[in-house]
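Have a look at this one before I ask anything.
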Amino acid sequence: MQQEKVTLRELNLRIQQVIKTGLPEPVWVVAEISEIKIHSAGHCYLELVEKSEEEEGPVARARGIIWAFVFRMLKPYFETTTRQVLREGLKVLIKATVEFHELYGLSLNITDIDPGYTMGDLALRKAETLRRLEQEGVINMNRELELPPVPQRIAVISSEQAAGLQDFLDQLHHNPRGYVFYTRIFPALMQGREAENTIIHAFNRIFRYEEFFDVVILIRGGGSQADLACFNNYRLAYHIAQFPLPVITGIGHEKDESVADMVAHTALKTPTAVAEFLVDRVSAFDEHLSRQASLVSEGVMSILQSEKQKIDRITRIFSPLVMHVLNRRKHSLARSVQTLQSAARKLLTGKHHALKDIRSRSAHQFRLLFRTERERAAKLTWQTVHSGRQFIRNAAMRLEIFEKTNRLTDPARILGKGFSITYHEGRVVRDSQILSEGQSIQTRLFRGTVSSRVERTGGGEPGNTPGGDHQKDKTQHKNKTK
Amino acid sequence: MTARKEISYSEAIGEIEEILTRIENEELDVDELSLKVKRVASLIRICRDKLGKTEAEVDKILKEMDEDTE
Amino acid sequence: MTARKEISYSEAIGEIEEILTRIENEELDVDELSLKVKRVASLIRICRDKLGKTEAEVDKILKEMDEDTE
Amino acid sequence: MTARKEISYSEAIGEIEEILTRIENEELDVDELSLKVKRVASLIRICRDKLGKTEAEVDKILKEMDEDTE
Amino acid sequence: MTARKEISYSEAIGEIEEILTRIENEELDVDELSLKVKRVASLIRICRDKLGKTEAEVDKILKEMDEDTE
Amino acid sequence: MTARKEISYSEAIGEIEEILTRIENEELDVDELSLKVKRVASLIRICRDKLGKTEAEVDKILKEMDEDTE
Amino acid sequence: MTARKEISYSEAIGEIEEILTRIENEELDVDELSLKVKRVASLIRICRDKLGKTEAEVDKILKEMDEDTE
């Protein structure tokens, strides 16, 4: 077995040759910066890794270098575009030529970084954080807290050395109205790897004095190179959102809004703005007090005024009212006087008339009575005369009838007319049958009497001959005369 | 005559009426009849006299009354 | 005479009317008639006298009343 | 006299009316009449006096009231 | 006198009106009239006095009030 | 006097208005009237005093407040 | 004094606003007014004091906090 033996340098040169021919052009590589170091000469050394969702630790690793002359150009461009410091943990798209040095090994010579990729990635991560906070229902919690009207007791989370902090404190404590603010600094790193933990630690300390403080201020000193990455982190955002005191941030950049800003009660751009906000709020309260005071005084004055008017009005209407009532009473009394006069006079006049009536009625009745009585006397007189004469007339008439009857009855008067009366043995004969032949009868005439004998008798019934008794008598008599 | 004069008007009338009734009822014999007729005539004369006298008296009184009225 | 004067007006009227009724009903004997008519005439005269006297008095009183009024 | 004065006005009027009613109903005898007429006349006089007196008094009071008013 | 002074104004008015009604309805006898008219006159005088007094008092009070106001 | 001073402003106003209503409705007897007018006058004075006092006090407080503010 | 100092700004504002509402709704009697105005003035003074003067007590608590940290 023949073995070719090369030296390491020969080998490395051969690898160098293979890589040079195999990867002649620069390539765009996606990687995450796991370490970054800037050399004193201005070169930038990076360690790049690729992480997998499934596996622990990186799945690929490579070193990279940005030469000082490139880095001087690249760094400001990247940082101003992304508003991110080029730092570990950042995902980047780099343009690199693969180089292999026989002594230093494999290295990527970075000639360009695409800020657009990193920005997209940051935005993605921010969106992810927000979605999570929302899902957990905490995203609005701090915002929904009520900011006290006077945020006077202030817990400040800031880096102690930051220039922004000093500005903030100066502005707050030297406010023109002289309002008192109580501030307490809770130091924390505001950038870099430890920022997140120290800030959370500061929040935890403040939490112990929850009752004491009105508000938590999270501020960061100025500087355009601000690294906002930690303020987009889920853990910090979660702490802020859930914190029981309102959190006001002054960490913002001109254009970007971090997740911390979004979940905080109030987000302002700068510490100065925060100080101004707090002073304004107290000042607004102060003005509200003044306004309330003047409203109270106006209200009271208006009540007093309207009560005065009411009393004035009562006073004004009172006297005419009383006078009116008294006048009405007077009038009604006067009316009573008039009524009395007219009614009394009317009554008396009525009585006069009644008396006069009764008098004339009396006279009339008396005279009527006399007339009646006189009429009665006259009537009685007339009646007496009439009755008396009637009486005598009646009596005379009766006598006349009697006389006439008597005259008619007289037998002498009948005999005068030619009638006669037949007697037999002294008795008047009425029936021929009581007589028998040969008997003697006497006949009385108007003048003198005749005696004769019966030859024969006939005709028994008086009914045989029509006519009264007289006629019968007459017949008998005639028969006898024959 | 005196006794006869003392007969009152109504007694006279009564007797007249009685006789007339008897005549009407033919209770009387012809012989009695003419006697009674005579009696009635006499009674009527008496009555007439009385009546005449009374009338004269009453007329006088009534005339006086009438004069009173006028 | 005294007793007769004491008859009251209405008694007099009553007696008159009674007598009149009897005359009208011919309850009176002719012998009584002139007496009764005399009585009536006398009663009527009494009534007339009473009336006249009373009227004179009443007239006087009424005249006085009228004079009071004037 | 005293007793008569104590009759009230309406009693007097009542008595007059009663007498008039009796006259109208012819309950009064002519003999009583002049007495009753006298009574009526007297009652009317009483009433008149009362009225006159009352009127005078009332007038006086009313005149005084008028003077009060002025 | 004291009893009369203690009558209240409305009682007095009430009594006046009652008497007036009776006078108007002619329910009063002539005999009572002058007494009642006297009573009304006296009540009216009382009322008038009361009114006068009250008016004077009220005037005084109201004048004081007016002075207060100015 | 003490009891009267303790009446509150609104009680006083209430009483005034009640009396006014009663006066307007003529519910008050003339006898009561001067008493009630006196009462109203006194109540109005009380109210005025209270108002004046309150105004002075309030003025003082407000002035002090203004001085505080400056 | 201590109790009064312990009133918070929002309690003070709340109380002032309540008083103001009652004033605006005219629920306050005139008698209460000056008291209530006094109270408002006092509340405002308390607030203003708190706004402008450092409270030793608060400083003390802050100092204690420093000791905590160390």
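Going by the order they are written in, the chains are A, B, C, D, E, F and G; count residues from 1 in each one.
The rule is short, and it goes like this: a contact is a pair of C-beta atoms (placed from the backbone, for glycine too) under 8 Å apart; a residue touches a chain by one contact, two chains touch by 3 or more.
Since the structure is predicted, the reported quantities are computational estimates derived from the model, not experimental observations.
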Same vs different contact residues, chain B with chain C, by half of numbers used:
different
Give the rotation angle, in degrees and rounded to the nearest 5, that superposes the C-alpha atoms of chain E onto those of its identical copy chain F.
15
As a test of understanding: of all chains, whose mean C-alpha position lies farthest from that of chain G?
B
Using mean CA coordinates as chain centres, what's the chain C-chain G distance in Å?
128
Averaged-CA centre spacing for the pair chain G and chain E, given as whole angstrom
66
Using the average of all C-alpha atoms in each chain as its centre, how far is it in Å between chain B and chain E?
97
Please work out the Cα centroid separation of chain A and chain E, and write it as a whole number of Å.
54
At least two other chains touched by the same residue of chain A: list those residues.
293, 297, 300, 304, 307, 315, 318, 322, 326, 329, 337, 340, 344, 348, 351, 359, 366, 373, 381, 384, 388, 392, 395
Where chain D touches two or more other chains simultaneously, the residues are 9, 30, 33, 37, 44, 47-48, 51, 54, 58, 62, 65
Show me, using the given definition of touch, all chain pairs that touch one another.
A-B, A-C, A-D, A-E, A-F, A-G, B-C, C-D, D-E, E-F, F-G
Would you pull the chain D residues touching chain E in the complex into a rising list?
8-10, 47, 50-51, 53-54, 57-58, 61-62, 64-65, 68
Hey, which residues of chain A end up touching chain G in the complex?
148-150, 152-153, 177-180, 182, 184, 205, 208-209, 212, 282, 285-286, 288-289, 292-293, 295-297, 299-300, 303-304, 307
Listed in rising order, chain F residues that touch chain E in their complex are 29-31, 33-34, 37-38, 41, 44-45, 48
Which of the residues in chain A end up touching chain B in this complex?
378, 381-382, 384-385, 388-389, 392, 395-396, 398-399, 402-403, 405-407, 409-412, 421, 428
Flag every residue of chain G that touches chain A in the complex, lowest number first.
9-10, 13, 16-17, 19-20, 23-24, 26, 28, 30, 33, 36-37, 40-41, 44, 47-48, 50-55, 58-59, 61-62, 65, 68-69
